[in-house]
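Listed next: structures, encoded as structure tokens.
Look for subunit A in each of the two complexes below; its partner is subunit B in the first and subunit C in the second.
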Partner chain A sequence: MKSLTLDRASFWYAATQSPALRAVSLDVAQGEVVALVGALGAGASTLLLVAADLAPRVIGGRLEGSMTRRDRSGIVLPTPWTQISGMAFTVWDEVAFGPANLGWPTHEIARQVNRALERLELLPLASRDPATLSGGELQRVIIAAILAMDPGLVLFDEPAAELDAAGAAMLWQLIRVLAREGKAVLLATSAVDALPDVADRVVWLEDGAVRAVGTPDLLADGAACDAGLGTSIATVWRAGGLPAPYPLTVAHAVRGRP
Partner chain B sequence: MTGVRLHPFTLLTIAAVLPALAWILPAPDGAAATLVVALVLTLTPGAKLTPGASPGNASLWSFPGWRPGLVRLRTAVVTAAPFWLFLLLLHDVPTTIAIGLRVTTMVATFVWLVAALDPARLVEAMVAAGWSASVAYLLAATFSAVPVLKARAQRIVEAQRCRGLSPRGGIPARLRALRALALPLVLSALHEVDERALALETRGLVPGIRRTPLAPPPDPAAERAARWALLLVCLVALVRRFIVQPFS
Partner chain C sequence: MIAALRLEEVSFSYGSVPALERVSFSVAPGERVALLGRNGAGKSTVVRLIAGLQRPDEGTVWVGDWDTRDCVPEQLAWRVGSVFQHADQQLFARTVRDDVSFGPRALGVGEREVERRTDRALEDLDLTAHAGHHPYDLPPALRKLTALAGALASEPALLVLDEPTIGLDRTLRARVTRALLDRSAGSVALLVITHDLTFAAETLERGVVLDRGSLACDESLAALLGDVTRLEPLGLAPPPVAALSAALDLPGRPVRAADAAAALARVARGKPVP
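Right, the complex of A and B next:
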């Protein structure tokens, strides 16, 4: 079942002439992880804002085409320190901020908050002041805060930017778990090496338009490598002058299969 | 007040009544009295003595718990000082003292309120009292903005120092440092407002919501009565000041 549908969606920021999104059509089904890749300014973040119903409703601008959501969404933005509520003096309260705004009963809030903290391995930090956390810890708090609201559609904008390798690995596993639970996940990331294990589909955006859609194998494509969107091993393989098709992952290269 | 956590509405009432009384009561005596109360208040939040210690047997500065209070006191005095200078330029000495005491009361009370008022408790209290969560957040964010901007300004100053700009020296040097502080501070604050608005929207802080109070602060009957009493005192002083016995 489709959780999000964009039908020829074009979006213009306020006071701009050229669109940030150009006739983008995209579906994200429940239980599916779709990754958006592209160069800076390709439109991935804008697409997430449209999918979150923040653009144009909150930030202004103009949308043509349509965006339809079946589920409530939650979006994780790339800078965690601008996403804290500023109204909580413990991590637990920070994560509970969203569920409380939904008007849930306190026992349900407590259940969702504890579950989210456990998933992000934040229970030991539950009583800490969010202002004293590192960037990576704060990013995990924000992700927990969104998950505690139990959104059906989860939108991630560069979620691993502040995370160390272990934190990023935990996040990618968590995203797969969310998909298994039936949530739709739309993810914009430059961490393309993680996508073969995380994404069901990859959407390559270029200058606000969809250039290609496919399985993560797309990231071993010669054109993707030329655009700086290939996985590390595919890029190295190509740079070394080895013949196509290029391996998508190190495991593929070791096994001798593309 | 040490160790006592007053209800946010009580703190707001005190913060409203003190400046009001400063302007209603005759100067200089009335305004001086309210100023003394306000300055003592700036010392109170978090001013907890170490068990077994007392200011009588050691230097005041040796008690870490007093330092924040003394810093707040200094902040209030330093912030109010320019007002005294301008008043002195514009008025005679008695008028300067009369208005200066009142303005300093306002400044000291605000400095105390920002330190004493926990924005999260204010939101909880307002939501429990039936206020809209977004209105409560707006009010609470006003108070939390001060320490946030102060911390950011400190970071910007440190960054500028690393790049060789000294905030010390003569007036031209200080003006240059001020410009190097103000521009990034304002621009980064404006940028953050955009992102924070998006984040709050996605976390459910939208007009018309019925937020669940997580831990509404207790509001004892004695505090409620004290609040009404403070407002009554203000009203009585107002009536006395302007109707019954007008002062010059």
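Right, the complex of A and C next:
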């Protein structure tokens, strides 16, 4: 079942002439992970803001076409320090801020908060002041705070940007678990090397429009490599002058070694 | 030659939470050093100590021949250009140009020199077309580059950059690599904190690894990344190119994309790799 549907959605930021999104049509189903890739200004972050119903409802601008959601959404922004409530003096209270504002009973808030902290491996930090955390720790807190509200549609903008290797691996696995639980996940990321193991579908955005949609194999396509969107392995293979099809991952490369 | 940066037995705690314990390393002029480690390993604390925003509890941080304990941040800005992890917090002017020129202007250099440095920094990072934009009208990636351009424009002897490639795509990362290699060739010392080991492999030459506040490793970055079995215990994951080199046992175990591509091409043609 579709969780999110964009139908020929175009969006203009306030006081701009050209649209940041151009007639984008896209579905995200429950249980599906869809990744948005593209160069700077391609429209991935804008698409997430539209899907979160923040654009134009909160930030202004103009939307043509339609955006329809079946589920409540939660969005993890690319700048986690701007998403912190500033109202909490412990990590536990920070993660509880969202569920409390949904008006849930206390026992349900506690259950969701503890589950989210456990999933993000944050229980040892539960009593810490969020202001004392490292960037990666804070990013995990924000992700936990969004998941604690149990959104059916989870939107991530560069969710692994501040995470170390273990944190990033944990997050990518968690995203697959969220999909298995039936959540719809839409994420924008420049970490294309992670996508073969994470995404069901990849949407390549260019200048606000959809250029291509496909499986993660799209990231081994010659055109994607030339646009800087191929995986590192595909890009190296192509740069070495080896013939297509290019391997997507190290495992694929080993199977097709020269 | 005096090191651009030298940490001598530096320890620091946030209240009762220890962050660094007897950390020592140095960076020579023109050297390009990656400061690596897990989240919470103490890397960003090192940045704050170098910028003079914190004072070590024990030990000494030397910037050239200045003991940072004797300096306020404004003085240190003569020698250190910093980009903090949350670079948005460094941006305050109404245009990108005004923001980038703030550093050299605050240093008191002449207006013509301010313009020269600003133009050069904007060109180095391909930001000239955005010079008249408000920084907050730009996407986060370009705001990060704006903060970096501000650090470049001060033309310091030492650049300390905390996660300069967050949110940047491959094209923008290459732009940053190009600018940093250019500054390094002019004897600017680089200390770069990053989880982006692909960027580190392309840009930097030495790896200093912190683990739970202590120095765990200080050696050639190519050697470290080329030995993938050592990375996981340090909280690091091999970048894909290094993993590919190891998996295919490419001669020389290249960790940079161009070197790996050349090695692959030679292997495919059945030629020995020099």
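By definition in this document, the second predicted complex is superposed on the first by the 256 of 258 C-alpha atoms of A that agree within 3 Å, B and C clash if a C-alpha of one lies under 4 Å from a C-alpha of the other, contacts with A are read in each partner's own complex, and residues count from 1 in each chain.
Note that in this section contacts are C-beta pairs under 8 Å (C-beta built on N, C-alpha and C of every residue); 3 or more make two chains touch, one makes a residue touch a chain.
Predicted model, so just to flag it, every value in this text is computed and none were measured.
Of the two partner chains placed by the overlay, only subunit C lies in contact with A:236; subunit B stays clear of it. When the two structures are aligned on the shared chain, A:226 is found in touch with neither subunit B nor subunit C.
Once the two complexes are overlaid on the shared chain, A:118 sits clear of subunit B and of subunit C alike.
The partner of subunit A that touches more of its residues, comparing subunit B with subunit C, is C. In the superposition on chain A, A:145 makes contact with subunit B only, not with subunit C.
In the superposition on chain A, A:136 makes contact with subunit C only, while subunit B stays out of contact range. Of the two partner chains placed around the shared chain by superposition, subunit B is the only one that A:83 touches, whereas subunit C remains out of contact. Residue contacts after overlaying the shared chain place A:39 against subunit C, while subunit B stays out of touching range. In the superposition on chain A, subunit A positions 79, 82 are in contact with subunit B in one complex as well as with subunit C in the other. Within the complex, the subunit C residues that touch subunit A are 14, 17, 37-40, 44, 85-86, 88-89, 139-142, 163, 166-172, 174, 195, 198, 231-232, 235-237, 239-241, 243-244, 247-248, 257-258, 260-265, 267-268. Those residues of subunit A that touch subunit C in the shared complex are 38-41, 45, 78-79, 81-82, 132-137, 158, 161-169, 190, 193, 228-229, 231-233, 235-237, 239-242, 249-250, 253-254, 257-258.
Contact residues of subunit B toward subunit A in the complex are 118-120, 123, 133, 137, 140-141, 144, 148, 192, 194-206, 209-214.
By the touch criterion stated above, subunit A contacts subunit B in their complex at residues 49, 52, 54, 58-59, 73-75, 77, 79, 82-89, 93, 96-106, 109, 142, 145-146, 149.
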